[in-house]
Amino acid sequence: MATGTEPQPKSGTAPGGGVRDGTRAAIAAAHLRTDRWWLAPAATAAGLLAFVVYSTWRAFANADYYQAPYVSPFYSPCLADNCEPMRSGPNWEIFGSWWGLSPALLVLIFPLGFRLTCYYYRKAYYRGFWASPPACAVAEPHKKYTGETRFPLVLQNIHRYFFYAAVPVAGILTYDTVLAFRDEHYEWGHMGLGTLVFLVNIVLIWAYTLSCHSCRHIVGGKLKHFSRHPVRYRMWQWVGKLNARHMLLAWASLVSVALCDLYVYLLASSAFDDPRLF
Amino acid sequence: MSASSYDARFKVWRGDPGGGGLEDFKVEVNEGEVVLDIVHRLQATQVPDLAVRWNCKAGKCGSCSAEINGRPRLMCMTRMSVFERDEVITVTPLRAFPVVRDLVTDVGFNYTKARDVPAFVPPAGVGPGEYRMQQADVDRSQEFRKCIECFLCQDTCHVVRDHEENKGAFAGPRFLMRVAELDMHPLDAAAESGLDRKRAAQEEHGLGYCNITKCCTEVCPEGIKITDNALIPLKERAVDRKYDPLVWLGNKIRRRGE
Amino acid sequence: MSQVERQQWDVVVVGAGGAGLRAAIEAREQGARTAVICKSLFGKAHTVMAEGGIAASMGNVNSGDNWQVHFRDTLRGGKFLNQWRMAELHAREAPDRVWELETWGALFDRTPDGRISQRNFGGHEYPRLAHVGDRTGLELIRTLQQKIVSLQQEDFREFGDYEARLKVFQECTVTRVLKDGDRVSGTFCYDRETGRFFVLEAPGVVLATGGIGKSFKVTSNSWEYTGDGHALALLAGAPLLNMEFVQFHPTGMVWPPSVKGILVTESVRGDGGVLRNSEGKRFMFDYVPDVFKEKYAQSEEEGDRWYEDPDHNRRPPELLPRDEVARAINAEVKAGRGSPHGGVFLDVSTRMPAEVIKRRLPSMYHQFKELADVDITAEAMEVGPTCHYVMGGIAVDSDTAAARRVTGLYAAGEVAGGMHGSNRLGGNSLSDLLVFGRRAGLHAARYAAGLTARPVVDEAQVDTAAAEALRPFSAEGPEDGATPENPYTLHQELQQTMNDLVGIIRREAEMEQALEKLAELRVRARRAGVEGHRQFNPGWHLALDLRNMLLVSECVARAALERTESRGGHTREDHPGMDREWRRANLLCQLADPSGGLAATDPVRGQIDLVRVTTEPIRPDLLALFEKEELVKYLADEELYE
């Protein structure tokens, strides 16, 4: 019985047999989808590419990232000597003066790693850039596939460490947002349009960070008995609700952090003055 | 033919392991019908020997899995009203499994994989009728037990769909979810019996092949969040065992302390 | 012909639903080498369709419950026609069978103190149904399936072969039970995929093939329900019991036409759903029969209070046994107070918040949304009766599940008769599967183990069975050269006949007409022909199943014509009352030609003989569980004063 459960003979098919493997229904087409299945991966790839181009330019620019009281999230905290002086800002010159490149590069490695190993972004770029698969039930172009079993992709498993790093980064950006409640003379109790931009951004950053799958696991997902840990269970449920929107939050926070930086750039390059609310 | 009836154009794959192809049909469609009704009408009126699997016709048994316009679906839950009347509707067998005849495939792969997952281990010293479990503790596994084993997730998963050679190493979403279900079962005593399901998921069942591209979740007719609720948590659990030195160290110390 | 492959097993279980799998588990645990054979894939049996729950008096929700109360409810539901010993065993053993499932990994919904939650259901005095949302059947089948796999894993560790002692032959059909004298010697089977014949030689055969619903047009049953086990038993010489009792579930979908008959679970009513007619009236209050008057609420207010406070109020009449509700719906539609598509309204949307509905009835929500475009949290469902279950079946010994007259033949589940009397309570079928599935497996294994010499498979029987199975390929038209009959057309005509003439309300003239039509179909079915070859050919499979459907349909029609009263799942318009004298009468169907052949018999006389037998009196200690006033409604005078 072919539908029985006898062990199957080791299929002698060459790698890449896939849907055209000799045992499968003889259909030459790689897929028979009639909808616009390519739209989602194409849009994903375009969106990610746009961000990569923008953020690379901004990260290497090493200019126009501070306009009191706002510091671009790409350059915070500032860990080198060559940072612009930011009053009460996160200038911690850990790297001293030998660092000659843009200070953004020291910091961006953490959010970059967090997002690169994020379970949602993995799906997005595996589909969008690597076409593995391009869309569901659409044959992928690769001959071989080993997934995340080998180096380098096995490193995706360190996602939780980037999560640990992402929490202090979000904390620092929160601090920056608090500092944004000053005016350009560092007087407290003021708000500008920039403050609102920073507020929206930090809410989205936190929501994205906390909705992380690793976070969900750590706060409670690893437990066997929720009923014995009511507080962690409540937290798990709460993170779970956020987690269901992880994709949305990933995109929203990506856009907001870029907008936040763009806003500072526009102020710093004097293209535009911050409208003060009070 | 009533006013709301019309003739639809169908392409149905017919053949066997020796070969085959899409055949054209014109067939009557009435209000409220699903693709399986049309396939049955083809059997009754045009091709009595058209092979197709089905059972409950209510989306509960998971027998009538096929690919409709290239998408893995249950024929009994695909309403004709989702298509345009002039659209050609293509029905093929599942393309990840060996074909048997017409729309019927050999799904033995799944039964073999089911047997590779060690069964529930009952806790020692707890007799029948003495099991006490809180609803909160069974919710997660209950979601996975909604699975009707239609194998659409196994069919759509590119790890085996596009790479026949991975079938040996990879259990597929359905059976990785089964491992997750047992690992989250509040009374499963596998650990006490020396079986580490988290480690086995990675080492025996090929969890690492999954690149969480979520097609399994997209096609699940039961709406189970396979990726977010089973596969990713299982990956995180495997990380606890294999890739996280802190957790490893913590467990070591705690065990010493006991 | 003698090159047909043969295999030797101790016990062969036909059917892989709840009863079959439970029987196989038990037989294997008793040490018998056991084969399971089923028409579908493993795990797809009709049991997955069961929604509401498993009835077992665990008393987790209301501690007043116990086996005696469950027994009483079962007998009331069956209008005292039940094989009382089966009902007793069932009520006593059901809790153990449910608890055992937990040790195999089942996850039922829980009570706040962590035990198995239980829900209300029609005809059950207390909340009694262990459940998992509204997909209990799926949980049951999956748990048993996984238990089988775990036994196979044990065997693999011991023998290096998963199938050393327990094997599932999926997508295979049995067409004949083979015999050596009066004893079972094996089964003749074909593999649906290849069309290849094979014989499983075994001294013990357990039939667990389910019901007969596919003989009716509007049914909740799947294609497998073609009465195979009933027919196999008849052909092997075992009689069927009380085949006139067919349960029409009151709530099946009525719209759109392609899903007509699909089940709407009774839990909808158990959890608070109400039935209304086109005038918006909760009509069930007008249909409470005398025997149930004291048990059911008289007003909507009282009925509504019952959900919160069941100890001080009576339950709403929507929760009457299924036969009563089905008849009431039928009467409302007939009186012109039906819904637009010929049903009545079943409403939960005004009774519960949308969130609660989605949590407690997820698959109903899903089913209506996907198949009918109806949001049950916002509008009422349209429902009407659908053929659901046959209470009649193979006459078996209550304790051992052994069929009468054929040694080595056992039956459990829907295919066995007697347990449910004239009407089955919801939830009692899943527990029936487990209790009697286990008993059948146990006794089949013991019988096989106790044999010194195995029965021998007769070559001639194998050849005859092979010839019978191949006949559709060589079907010829009648002399005038007409084309062979299309099996699909014959099946549709059969379904229409049974639906219209032997349906929920029966009349003498119509049933006589049905018997004539069945005779005509039988003659035409001999000419049913198929195209193509033997590999996975549904036309051929249907042509073979027609034999079984025609046999059981004749049993239903003949028995229904004979029983001149109305009781449970048998309603005669010309004999509307329940007759106490009929309570003691069981109708046995047996093959007119005891050799088991199916010659082209006289169309009027048919293939079935009917025998009336008197039942054994109910044991006094069980009778003592009822009030005298209640018993007088059911029992004949001489039974009461014995």
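Read from first to last, the chains carry the letters A, B and C; within each, the first residue is number 1.
As a working rule, a residue touches a chain if its C-beta (ideal position, glycine included) is under 8 Å from a C-beta of that chain, and two chains touch if they have at least 3 such contacts.
Predicted, not measured: the structure shown is a model, and the values here were computed from it.
K.L.:
In terms of CA centroid distance, which chain is the most far removed from subunit A?
P.N.:
Most distant chain from subunit A: C.
K.L.:
Using only alpha carbons, which chain's centroid is the nearest to the whole structure's centroid?
P.N.:
So the chain sitting closest to the middle is B.
K.L.:
What's the distance between the Cα centroids of subunit B and subunit C, rounded to whole Å?
P.N.:
For subunit B versus subunit C, the centre distance works out to 29 Å.
K.L.:
Subunit A to subunit C: how many Å between their CA centres?
P.N.:
The mean C-alpha positions of subunit A and subunit C differ by 56 Å.
K.L.:
Show the residues in subunit C shared as contacts by 2 or more other chains, in ascending order.
P.N.:
Counting only residues that touch two or more other chains, subunit C contributes 41, 162, 193.
K.L.:
Check each residue of subunit B and list the ones that touch at least two other chains.
P.N.:
Where subunit B meets two or more other chains at a single residue, that happens at 100, 107, 111, 115, 134.
K.L.:
Would you pick out the residues of subunit A that each touch at least 2 other chains?
P.N.:
Only 1-5 qualify.
K.L.:
Quick check: in the complex, which residue numbers of subunit C touch subunit B?
P.N.:
Within the complex, subunit C touches subunit B at residues 40-44, 46, 48-49, 58, 95-96, 99-100, 102-105, 107, 109-110, 112-115, 132-133, 135, 138-139, 142, 146-147, 149-150, 152-153, 162, 193, 222-224, 255-259, 262-263, 363, 366-367, 370-372, 486-489, 492, 530-533, 535-540.
K.L.:
What part of subunit A is in contact with subunit B in the complex they form?
P.N.:
1-8, 10-11, 13-19, 21, 23-27, 31-35, 119, 122-123, 126-127, 132-133, 136-140, 142, 144-149, 153-154, 157-160, 213-214, 216-217, 221-222, 224-227, 233, 243-244, 246
K.L.:
If we count contacts the way the header does, which residues on subunit B are in touch with subunit C in the complex?
P.N.:
Going through subunit B, the ones touching subunit C are 16, 30-34, 37, 43-45, 48-63, 77, 79, 100-102, 104, 107, 111, 114-115, 118-120, 122, 128-129, 131-135, 138, 141-142, 145-149, 182, 185, 188, 223.
K.L.:
Can you name the residues of subunit B that touch subunit A in the complex?
P.N.:
13, 15, 17, 19-22, 67, 69-72, 87, 90, 92-93, 95-100, 105-109, 111-112, 115, 134, 136-137, 155-156, 158-159, 161-168, 184, 186, 206, 208-215, 218-219, 228, 232-233, 235-240, 242-244
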